[in-house]
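Given below, in the form of structure tokens, are the structures.
The same chain A turns up in both complexes below, where it pairs with chain B and then with chain C.
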Partner chain A sequence: MHLKFKNKRISGILSILPSKEVNFIDEITNYNFSEKQSVKLGKIMGYGSRRIVHNGTTVSDLCTFGLNYLFDNNLLNKDSFQALILCTQSPDHFIPATSNIIAGNLMLNEDIICLDINQGCAGFEVGLMQAFMMLDTGAINRVVLLNADILSTKVSVKDRNSRPLIGDGASITIIENSIVDETIDLFIKMDGSGALSLQIPAGGFKMPSSAETASLKEDAAGNVRSLDHLVMKGDQVFNFVQTKVPELFNEMLVKLNISKSFFDYFFFHQPNRFMLEKLADKLEISYEKMPNNICEKYGNGSNNTVPLAICDNLGGKVKNENFEVCLGGFGVGLTWSLVKCKLGNLNFCEIINYK
Partner chain B sequence: MKDELLTKIAEILEVDHVNINDNLKDFEEWDSLTALSIIALADSEYNKKLTNDLLKEFKTINHLVNFILD
Partner chain C sequence: MKELVLNILKDTRPEFDFNSNLNFIDEGYLDSFDLVTIVSDLESKFDIKINGSMIVPENFNSLDSIVNLVQNSKNAS
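== the complex of A and B ==
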């Protein structure tokens, strides 16, 4: 699907990272693999350090902290936005929506629409889509989009398949109406038949957590996890990404009648360095134009990776300069999406530590 | 074509060379990372979609090579 949005812009991005850092190399002894095997894995996939939350820190904590930082530093006025969207797959509770909790923490006025969205790897693009649609109503002139996940708490420490990837964090993106006559193009597809290739089997209403779902079992490859943990069919996800993203990318180039050299940067979801290098090779894009450093530096934070990649790789530069960028998300859902937009003159673009 | 593929598989398995009758599971380096590397090789250079389930069915190098070059 191809959606077009007019006169909208991103005006600021803030990433909030937990200060606790863990290193892949320190965790090797947790896995049922030889040290040599794990070192080789880390080198090829690009595993380094990750930021993870302390026990008890929630998505609402990270988001509330970040929004207070923006209010306190006069980067965002508390009464200047009418919608608070939170994309997360690690909500504080099933009921109520975590965005409502955040609005309550901040004592926002009642003229606010709080909305949680359950999306992961393409959560930034889906969140932008929702924000743009809200702005199109005419009743809303500024939207705060939160992308936050703390999935490290749901990955088995003995699962070498997923554990070395996953990091935690949150990002806050401000989206508003703009007088500049620009079009943002958003391409999105979903395939529910692959919905279970990335999942947490237990803990929902279909399979509530119990002593049985918490019991650890070893899979054929030697990874140990329970039904309460995140599980990923890495081979299927890899093939999905290498097939579907290039297809959508080519569709975008044809429909917009542009070549890939049009873009200054490709800020894509950051599963790990290996996947992004293979994807860049397939799309024939240089690694410099498609940053792949986030998993290695902070961990793959699911929802949080694209805005974090922008903050880390562009930072303050994007306050004064303009870039043509292609944003990309792909994964859990299965959902995949590409956004062509301009990024520039941001009021802020930075990373802060939580507490 | 076939020799080139055998060389690439040998590189992934970290051996000097492989024979088509070698059993995949006999290689010291045969693990989930090797599997992913072979899946990536099949995709990027031969445009073939391999999965872990398929790899499990292949007993020898020959089975793997025939699938990729088919």
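== the complex of A and C ==
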């Protein structure tokens, strides 16, 4: 599906990272593999440092902290936006929506629409799509998009395939109407037949958490996890990314009648170094144009990796310059999406630490 | 080439006999993360790039299929 949005812009991005940092090497003895094997895999996959929350810190804590930072530093006026979208798969509760909790924490006025979206690695693009559609109503002129997850709490400490990858964090993106005559093109596809390729089997209404679901079991490869933990069918997810994303990418180039050289940067979701390098090779995009440093530096924060990559790799530069960018998300759902837009003259683009 | 591929497999999972006729994937000899290290080793040993869409279980289920993958990747580069 190809959606076009006119006269919209991203005006600021702030990423919030937990201050607790853990290193793959320090956890290597947790896993049922030889140190030599794990070190070798770690180098290929980009296992490095990860930022994770302390026990008890929630998505609403990270987002409330970040929004208060923006208010306190006069980067965002509390009464200047009419919608608060939160994209997360680690909500504070099933009921109520975490975006409502955040609005309550901040004592926002009642002329606000709070909306939670359950999306993972394509959550930044899906969140942008929702924000653009809200702006198109004419009743809303500024939207705050929150992308936040704390999935480190849902990964087994003995799962070498997932544990060293997962990081926590949040990003706040401001999207607003613009007088500049620009078109944003958003391409998106979903395939529910692959929905269970990435999942947390227990904990919902279908299979409530219990002592039984919390019981740890070793899989054929030697990883230990329970039904309460995140699990993925690695080969299926890898193959999906390497086939479906290039198809959509080529469709985008043809429909927009542009070449790859049109773009200054490709900010794609960063699941791990290996998968993104293989995707860059397949798309014939240089590694310099497709940043791939987030997983190793902070961990894969699910729907937070794209805005965090923009803050980390462009930072203050994007306050004064303009870049043609392609944003890409792919993962749980299965969902995959590409956004062609201009990124520049942001009011802020920075990273802060939570407490 | 077969011997070099066999050495890479043994290095990845020394506990298994890769000379057998069993299906490496179905029998649980190799999982998706083993494929990552094997691909990296093959690329380095044979100076090739393996296309991402070729990294699928059926190309790693036997010694012959891996050798074929290397050969096809050599021809493509």
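Quick note on the criterion: the second predicted complex is superposed on the first by the 355 of 355 C-alpha atoms of A that agree within 3 Å, B and C clash if a C-alpha of one lies under 4 Å from a C-alpha of the other, contacts with A are read in each partner's own complex, and residues count from 1 in each chain.
The rule is short, and it goes like this: a residue touches a chain if its C-beta (ideal position, glycine included) is under 8 Å from a C-beta of that chain, and two chains touch if they have at least 3 such contacts.
Remember, it's a predicted structure, so these values are computed and weren't measured experimentally.
> If you stack the two complexes on chain A, which partner ends up touching A:I179: first (chain B), second (chain C), both, or neither?
Touch status of A:I179: no partner.
> Does the superposition put A:K278 against chain B (first), chain C (second), both, or neither?
In the superposition, A:K278 touches chain B and chain C alike.
> On the A-aligned overlay, A:M107 touches which partner chain: chain B = first, chain C = second, or both, or neither?
neither
> With both complexes superposed on chain A, which partner does A:I95 reach: first (chain B), second (chain C), both or neither?
Once the two structures are laid over each other on A, A:I95 reaches no partner at all.
> Between chain B (first) and chain C (second), which does A:T243 come into contact with in this model arrangement: first, second, both, or neither?
A:T243 contacts both chain B and chain C.
> Kindly classify A:D235 by the partners it touches after superposition: chain B alone (first), chain C alone (second), both, or neither?
both
> Considering each complex separately, which residues of chain A are in contact with chain B in the first and with chain C in the second?
37, 40-41, 44-45, 160-161, 221, 233-235, 238-239, 242-243, 274, 278, 281-282
> Taking the complex as given, what residues does chain C use to touch chain A?
So the residues of chain C in touch with chain A come to 12, 28, 31-37, 40, 49, 51-53, 55-57.
> Residues of chain B touching chain A in their complex?
Counting only chain B, the residues touching chain A are 31-33, 35-37, 39-40, 43-44, 49-52.
> List the residues on chain A that touch chain B in their complex, please.
These residues of chain A touch chain B: 33, 37, 40-41, 44-45, 160-161, 221-222, 233-236, 238-239, 242-243, 274, 278, 281-282.
> Please name which positions on chain A make contact with chain C in the complex.
37, 40-41, 44-45, 160-161, 220-221, 233-235, 238-239, 241-243, 246, 274-275, 278-279, 281-282
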